[in-house]
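In what comes next, chain A is part of two complexes: it sits with chain B in the first one and with chain C in the second one.
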Partner chain A sequence: MLFQKKNEQKRYSLPDNVLLKAEDLRVNIKIDGAVLNAVRGIDLELKSCETLGLVGESGCGKSVTSKEVIGINPSNCSSTGSILFKRKDGTVLNLLELERDGAEYRAIRGNEIAMIFQEPMTAFSPLYTIGNQMSEIILIHHPEATKKDAKEKIIEMMKLVGIANPEIRFDQYPHEFSGGMLQRALIAMMLSNEPDLLIADEPTTALDVTIQAQILDLMKRLQSELGMSILFITHDLGIVASMCQRVAVMYLGEIVEFGSVRQIFHNPKHPYTGNLLRSLPRIDSDREEKLYAIKGVVPVPVDLPEACGFHERCEQCMEGICDKRFPPVIEVEPGHFVRCALYGKSEG
Partner chain B sequence: MNKDNIVLEVRNLTKTYESGKTKVYALSDVSFTAREGETIGIVGESGCGKTTLGRCIVRGIEATSGEVILHKDGRQIDFLKATKSEMKELRPDIQMIFQDPYGSLDPRMTVYDIISEPLRYFGNSTKDEINRKVDAITEKVGLDKSFLRRYPHAFSGGQRQRIGIAKSLILNPKVVVCDEAVSALDVSIQAQIINLLEELQDELGLTYLFISHALAVVRHISDRIMVMYLGKVVEFGDTEDLFKNPMHPYTKALLSAAPIPDPDYKMERIILEGEVPTPVNPPKGCHFHPRCRYATEQCRNTYPPFEKRNGRYIACWNSGAMEAE
Partner chain C sequence: MKSEFLRFVIKKFLIMVLTVFLISLAVFYIITLPPGDFLTNYVGQLQAAGESVSQETIDKLKAVYGLDQPFIVQYWKWVTNIVFHGDFGYSFLWKMPVTSVIQAYIVPTIVLSLVTMLFTYLISIPIGIYSAVHQYSLGDYLFTSIGFIGMAVPNFLLGIILMFIAFKLTGDTMLGFFSAKYQTAPWSLEKFIDLLKHCIIPILVIGLMNTCGLMRTMRSQMLDELSKNYTLAARAKGLKMRVIRYKYCVRAAINPIAASIGWSLVNIFTGTTIVAIVLNLPSMGRVMYDALLDQDMYLAGSWLFLMAIMTVIGTFLSDILLAWLDPRARKEYIQG
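So, the complex of A and B:
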């Protein structure tokens, strides 16, 4: 693999409306001699111009998955499987075959795949002006552009995301911005090369509710204006319901359920999805005396048995089945997939 | 337990910070009463003063002016004016549960030491009594006795929060200030801890001041809700009533901004323009007027009085006009 020549790369293809497809993606992280199975064989498909939600609790592997797509996981991570991505010129690449620091990946990163992060306050360096940092993404990907061109483009982008007085803001430092304004600046910067895929990793978690509403509103508007796909990573089911068309629910490194947002919220099939929705306090229905609580805690993903990851906490766990093997993925209705032994014919 | 018994009265609580000529009102003129066994939810965005309010009540920081009256055995005592020796008697009555279960437990103390520390400092329990109380409270919060000899690093966020709760409740407090007590937890663990807090409240007759930015959680746990904006209370009323019919424009916008986990839920979302202004130089008049779509000349000039209207306390010049709308 290491010595594979570039022109011998396998040819891949993707259907017309599919932008990104991960198959049997596994990511292991080496920590202190132990191996953490962060992502355990997931299949994921992202269509053009759709917003796909990746939801789950801390440690379920949602961030590791997204970082694997853009190729910024630390060096103690190793991955197998494939992530196919369709470039702007129509060629399809397996991102896992690319060298992390190679010219090809660098041409994609920030240009065709962009990412915004949870904490806009730490995403910018405090030492340089916002304008300086935002221009960089244009200057790197368009060597022919001058600083003046970049400034023009950035000011145009700042207007687009609703930053007032962009000419003044351009020369200010990050500490002169509020959290919400920094997230706007980050979004403006990441979208200035018009990427096909935007990865948003908990983009509003650090923000206040009313500011969160502003940013989500902005992302929706920009998506319809610029036409990009968004991979939206969050733990907040409320945000998923209002932002996404399709949803993948992750638990312990697996996608346990995948479907349209209505299928997941109105007809959840996997016990974890159903329980998670039940355990949320709601403001749109009558108050319940007592919240439903899922028993136990998420296990540490080290040396996991070949079994359903949720079986220890599941009320519908079938002894001898759920704790003995990996359930297969079943399509319970068109486009609605679930990985649970409760559904479909048992195999073997 | 009697739900009409007042346990805590907060009167005109104010906290200012001064730096040179500027005076910052982190908390200004907050008053309310809390009854036995009830939960008051305190909501608002960052910088609204909700944490400052909680800290001033427990005297984690000293308030600039105002009173926190504790009703104890028929006496009314100003908690904020208590001397050091009086505090030794009063401190057990008002306790606090913190947000971050990682930062609030000393990593070099065993769970037993952490939970028993308040007992060793307050009162003069014998070793046997301490052991008995620690055993009882660990069982109550759902921790295994075998955990007592271990250190905090061995536990998950949810279990650490249980340890923190055990530590706060071991002195049999009357009032517990919960500052974002479940915000750092995952959804499935959050539900466990909320249920635990409610069970403990029923059993021990606790009064909670539940500070949080998570509206759905606050609605679930609170009897009454206080909405804060820039150091002031803008609306205060019964939970159900307030959620059904928010009267202050800020409360309206805040409630409508909360994402609802239902893809078919349709509600007019009020997207507020601008951001929370800094308390260093708050806008003249009503602090909310630059973001308020109902703002009038009166709002720009004078801060509205905090008045009772239809069983609700509210500080707004226009709530009448809005209702007519």
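So, the complex of A and C:
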């Protein structure tokens, strides 16, 4: 059995410029006997050094997807499909085959795939100094490193992300940091092993707007200096426009539209994407006009019918079609995919 | 940082001294509060026995015990004797100084309390951690059930049941601290083993309720910590679950328990009264109970006062422990 599995692992390969590829990824969450279909078969591809935006409303499965990539979903989550990841040495692994907290996965986490979080204030334990917690990431992945080496590296990283007086900051506790400074510290820590992939789960949502801009600029600068891919999870389309090259729009555990930022923003095909863009406040809009809101709420993903997930809220819903079967994925223009029954019929 | 911490400790200590002074005043006031005093009782008993007691004798006795003086004078005498001579007054009931009575009973009481406490923490913390880490497993359900039963059963009832079981098994009800044949025997290994045997039931009975409570507290604290965001971040950097659990979660979950360690000792101390009566243990709880019934004011007052001092010292130690364990509390205490 073990032998077979090893053979299987060798078979995987990815094109040269592709770092991560998820295929038919499904994540189910068991809660009180019910099964929540949080992620319902998504395909995702992330190129080297690109920033891919994953957007959608709360509860659409974007956080679960990102946590599945780095393998930190809680134990009541189970997944199928595959997530192929190209390691630094060029070998390609299916991350879903690894034991969640096993040695192999842990060697990748924080080293080749890193993650930053929505609330930097809670990402550190209040009981240990920032330096202590940041040094760990060096000590885990470089067993030969001494505490002194780790401290040097961390202080260098703190300087890189713009934390003033890093020598003093190193020995301070999280409650002595501001939210923005903590996010900088978290970024510094997570990037200290120069990972190929950084997952950013709404890293600026909990920060105020000026700090937001600083953190985004910092991430862009670090990306060009260190050369990494970023999977950027957000519900803020403004951030997507300024940060990302490509965007995946998620709704109810599915990717409903995928394309370049230009394609999505200028030529949205899926009604949901269109609605999302319409619900953005615009600086040149008529003041009297009420801000657009998508009607209804995201359904709870339990025992969903065989239908388009958006049909109940869609203004262009076609009865007998949208509520009767899954819409197919159509490539409407090169690199621009949409999962909607409005398209494809005319083309074939 | 070090000098700030020292200043914090000194500040806390001064507050503690002030608190103890106020408590001594309150305690003395309370024990003189009930109508009558030990002499009235004593004279009543003598008269009931058919002896005639002249007013002269009563006045003489009152003067000897200082009972004819006003409250403040009595209090002042009591406090200065404690502070300058270590003299807590005279027990009318035992007809000897209060210090001698306390000395005779305090050692077994403290030993029993400390051992019980150790037992409580050694059992409940690991079980709490296990239950949280293996939430909803068979083991968790088992410990949870035992925990709830343990909390629900009144401990004197448990004492009686255990005595019955002990009697069925060994023919000895394990009452008191020693078997009859070792009661007056000089200390020897056999006597010590006998003491240990007799400690099992009291420790179980006194410790069980606290153990179950602490177990639940530890479990819920631990679950709380395990679900916090920092565990996600720690996993994301590649840390082992074991390290996350013990370096981060246990350390954080244990804080509230550490903070309560000071007064939980007093709880065990005072909570043993009923158990001590049921199990016929010569512990201070029993002595205190009798002293209160017979209005043996200096003994009762001294005992109350000692308990209060222990509570205050316990709180003081808890504060320092918490400040030492939790950097946030340290900051708050030192600056606030």
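The definition used in the following text is that the second predicted complex is superposed on the first by the 329 of 348 C-alpha atoms of A that agree within 3 Å, B and C clash if a C-alpha of one lies under 4 Å from a C-alpha of the other, contacts with A are read in each partner's own complex, and residues count from 1 in each chain.
In the analysis below, a contact is a pair of C-beta atoms (placed from the backbone, for glycine too) under 8 Å apart; a residue touches a chain by one contact, two chains touch by 3 or more.
Just so you know, these numbers come straight off a predicted model, no measurement behind them.
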{"item": "Touching partner for A:Val249 - first (chain B), second (chain C), both, neither", "value": "neither"}
{"item": "First, second, both or neither for A:Ile72, with chain B first and chain C second", "value": "second"}
{"item": "Contacts of A:Met190 with chain B and chain C, given as first, second, both or neither", "value": "second"}
{"item": "Which superposed partner A:Leu182 touches (first chain B, second chain C, both, neither)", "value": "neither"}
{"item": "Comparison of chain B and chain C by chain A residues contacted", "value": "B"}
{"item": "Partner chain(s) touched by A:Ala22 [first = chain B, second = chain C, both, neither]", "value": "neither"}
{"item": "Which superposed partner A:Met115 touches (first chain B, second chain C, both, neither)", "value": "second"}
{"item": "List of chain B residues in touch with chain A within their complex", "value": "45-46, 156, 158-159, 186-192, 194-195, 198, 213, 215-217, 219-221, 239-240, 243, 253-265, 269, 271-272, 275-276"}
{"item": "Complex contact set, residues of chain C against chain A", "value": "228-230, 232-241, 247-248, 251-252, 325-328, 331"}
{"item": "Residues on chain A engaged by chain C in the complex (per definition of touch)", "value": "67, 70-72, 101, 106-111, 114-115, 117, 119, 122-128, 133, 136-137, 140-141, 173, 175-176, 186, 189-190"}
{"item": "For the chain A and chain B complex, residues of the former touching the latter", "value": "57-58, 178, 180-181, 208-214, 216-217, 235-242, 261-262, 265-266, 275-277, 279-284, 287-288, 290-294, 297-298"}
